[in-house]
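Each of the next two complexes has chain A plus one more chain, namely chain B in the first and chain C in the second.
Let's turn to the complex of A and B:
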């Protein structure tokens, strides 16, 4: 029983990563109407930028610089590439664009930093368990959970209380009306895209502390992220967080009993949710139908 | 409520999500070296995906050998060319590339592979086409065991040799209560079976074996079980990114201070990717660059570093040996016909400037396994690049390998 609790808690930690990625992806899907296949790629970029900067500005500096630079790159991509797709009726264009972008990012990372995995050091103080009984609760994991919770809370506060955030939320509901009211929706979408990408970059830096820093690092996370937003409800930010936590928890508990099924269980959950409640747990009726 | 998008529907998003599944395997094609060279060797290795680094080292070694072969007049007076193809460590892709190389490029020989599954597939395909295949780095035992073919020669060791090389050391030094973590595919299963059987022979107890899918990122569930079982030795059989992920997480759990870590195979490429605190444990290297008494090895390392600004790994040596073996076999056979070259390589001993190790090594005639030396030692936790491993013992492959009969190999040539 104790083992199951360990695994359940561990699954929740994993779920926070999915939740952070899903938040960014969900923001971009909602306002930019783009299913961003390259989201995992931007996660990798954030991690590699942090890895490159860490020797000069330290881990803490890199933790912020990596996502910010990834976000700036996101603005560039949105301005140059994604923006051109907004008027196109067929979503196949955005699928092809971001799919190609994902391949370009993976191979650019490989040519710049090499196919060889890179050693990413986390601060020594975080590199050990917090307690000897709950050894799986390492300093770094506690820090990661706190950082993700803070990032998610900041995002929700930004969307709820800031003028810009309110416009983003309004844009998600009805972009044409927001535009008619004089809001610069191009700027709105660019900033929204950048925020989504910065969140992916932030997840990348945090993940590099526990995962191999390699060009393919994002591939493993991106599928779970898609599952998280489908389970939570496409278009619902809170649902994305919930979806991420649920599939993380399910994978963790399954790993305790039958490890080889831990990858499959998230798809089983997705199938179940789609059959019983197609809009997802917190998805609104009519949205994305 | 109005819709957020005229175009995006949930169904569209689900369809798109399914397509993302293709992303990890939708690897880009690498630029191919083409030319009008008379002798062509198809080199199928992963240059993208999880094993890209390992494939890159193998190709570098092969290319270095090629310049040496061509400088000495090529094979039978004809220059030699490598045509590299990316398998992304995927069986389907590797097979497609194989047929492209054989049927379109008309290559004379095939080499390469990191993944055991790909090695098996290439070995069968090469046999059907009657073309010589040198397996550089797919370790699975059956390639030179149950499923051996006259067309296939294997350079890296099999999993039994690896387990046999390190088991006694681990039992003697650290204890007999073991826990094993195994990647859930051919390589892992064979290696785990070898370790379990050898541990039993040495009077040890296997407390548990945790199977994890290949490509797992979170190993906490395994580590939690291992921690609860309190073994004296924790055997980690994961390779590539999986190995690095597991070791990073185990170190953060404080496990490296509580139990000994043992590995079936230690790869230089993985040690490079590990942060310093996670560099710990004992294992087997199939070749190691630091051999102070071996001048040939020193010359090889110096030349490789000059070419690639990196230190060679066992994988670099595998690629290097593959190309030279083909050249030597063809020269001995005075032919490019696969069947004649295969006969020539059978039993062939590698000269010291190619063996690059403390003992003579040769291709065993009965199963086509190159009986390489195993370098048993400890991961150097305090060393700086490339001093990541300290060799404690070298064991000749002849003392480690099972007999061809015990492996179930019986090679038959076409009449």
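Let's turn to the complex of A and C:
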């Protein structure tokens, strides 16, 4: 039983990462109409930036500096590249452009930091188990889940209560009208893209303490993130959180009973959802068809 | 019309004479075989992508299945290269045919996602089923076998193998061209141009998407089988979604609205990959990424699209 709990908890941790990644990706899909294949790459960048900065500014400084720097890089990418795709109806171009971006990021990370995995030190207070029975419940893992929950909650509060957040939500519904009302939609989209990327960077820093740092750590996460979004419903922020948690948990539980299938089960779930309920759990009908 | 005939005549003569002229310009025959294999797979994909307007992101699944089909036949069953190619083709086609009903109802980004999902399922099965597929290390222990014509034995070294590939390339290209000129092919284009109108005109849209999907899988399986024979090796990477992305970029790069676009795309893509990876062994992936971005930003209609527009203006 403890082993099942162990795997399920591992899955849940994975799921919270997927949820955070999916949240950022969803935001970008909804307002920027771009399917960002490079999202996993930005996660890796956030992780490596934190890894490099941590010796100088400490873990806590890096936890914030990594995502912020990743977000700034996101603004640059949006202004230079992604912006040019806004007029194009066919989603294939955004897929291909960000696919190329993902290749560049992975390759650059490998040339800058090396192909070998790097260990990432977490604060000493956080790495001991909080319970003697449930040894897998280390302080850091509890911290990760709390941090992700806090980040997601802040994002929802920001979108709900701040003026800028309201404009983002309005822009998702009808960008043309928002623009006609005098809102600078270029700025809106650029900042929105940066928020999405910063969330990926945040996930990266947190993941660095659980997984090992490696240039390819984003590759498997990005596919799982897509799965989370499709399962939760494309265009639904809450749905992507739900989707992430569900597939993470499903992979964890499968690992306990039938480990060989733990990678494949999320794709089976996604195929099943697409057949039975194509819009996903909380998605709107007919979006992005 | 005569111009068109002359152009395709030139194309086929050039393809037939590759082993004679390619080494003179610094290439090698095995590179041409690989270009044809990738072109073939991307042409199959293009039936969906360019002609039916369905964004498939899972073509590598059928490419990889074709490879495993061919490899497994050579390892376990028979020493016939013909049979290996046939098995790979049938496996790729059968898988796409059976999965067609699962994917055919979806559109746009959902179609892309479900084709990716299905491809990833095959990838993880191939990676985990060690005893059959060799797992992460890939399938080895086979090599392409000489062809027997009556009493005459033809070993498939580089140049004969190029003609072996060219034979299947020509066969498949001929069949695809025939299909695209038939009412079936016109229905594909009608679905691309206006799906709802096509449905009003009595075209069973989903059934035709199914047909295009199965056909693309069949061609993908053939290309994958040839690829397995080319490398004497099948890797699970052949099934991975990154490989699917390569086929999409090959089609877009050459021009996905034109029949020969993927061939042009493959010449450029595989050519650059080969050239750049020898020049910059550590950074060639970045350069491929830059190529993707340049294509999307500056050549969204592909090379043939530009040439056509120029020709139309002149």
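Here are some notes:
The rule we apply is simple: the second predicted complex is superposed on the first by the 282 of 289 C-alpha atoms of A that agree within 3 Å, B and C clash if a C-alpha of one lies under 4 Å from a C-alpha of the other, contacts with A are read in each partner's own complex, and residues count from 1 in each chain.
In this section, a residue touches a chain if its C-beta (ideal position, glycine included) is under 8 Å from a C-beta of that chain, and two chains touch if they have at least 3 such contacts.
Values in this document were obtained by computation on a predicted structure and should not be read as measured data.
Which of chain B and chain C touches more residues of chain A: that partner is B.
Of the two partner chains placed by superposition, only chain C is touched by A:101; chain B is not. In the superposed model, A:184 makes contact with neither chain B nor chain C.
Once the two complexes are laid over each other on the shared chain, residue contacts for A:35 go to chain B and to chain C alike. Look at A:162: by the touch rule set out above, it reaches neither chain B nor chain C. By the touch criterion defined above, A:278 lies against chain B and chain C together after alignment on the C-alpha atoms of chain A. By the touch criterion defined above, A:260 lies against chain B and chain C together after alignment on the C-alpha atoms of chain A. When the two structures are aligned on the shared chain, A:154 is found in touch with neither chain B nor chain C. Of the two partner chains placed around the shared chain by superposition, chain B and chain C are both touched by A:230.
When the two structures are aligned on the shared chain, A:114 is found in touch with chain B, with no touch to chain C. Residue overlap on chain A between its contacts with chain B in one complex and with chain C in the other: 35, 88, 90-91, 95, 99, 102-103, 106-107, 110, 223, 226-227, 230, 234, 260, 263, 274, 278, 288-289.
Contact residues on chain A toward chain B in their complex (touch as defined above): 2-3, 6-7, 10, 13-14, 29-31, 33, 35, 37, 40, 88-91, 95, 99, 102-103, 106-107, 110, 114-122, 127-129, 132, 135-136, 138-141, 172-177, 209-217, 219-223, 226-227, 230, 234-235, 251-252, 255-256, 259-260, 262-263, 274, 278-279, 283-284, 286-289. If you check the complex, the residues on chain C that touch chain A are 49, 55, 57, 102, 105-110, 112-114, 116-118, 120-121, 124-125, 127-128, 241, 245, 248-249, 252, 282-283, 285-286, 288-293, 295-297, 300.
The part of chain B that touches chain A in the complex is made up of residues 1-10, 12-14, 16-17, 19-21, 23-24, 26, 28, 47-50, 52-53, 55-56, 184, 210-213, 215-218, 220-225, 227-228, 241, 244-245, 248-249, 251-255, 269-270, 272-277.
Contacts from chain A toward chain C in the complex involve residues 35, 81, 84-85, 88, 90-93, 95-97, 99-104, 106-108, 110-111, 223, 226-227, 230, 234, 260-261, 263-264, 267-268, 270-271, 274-275, 278, 288-289.
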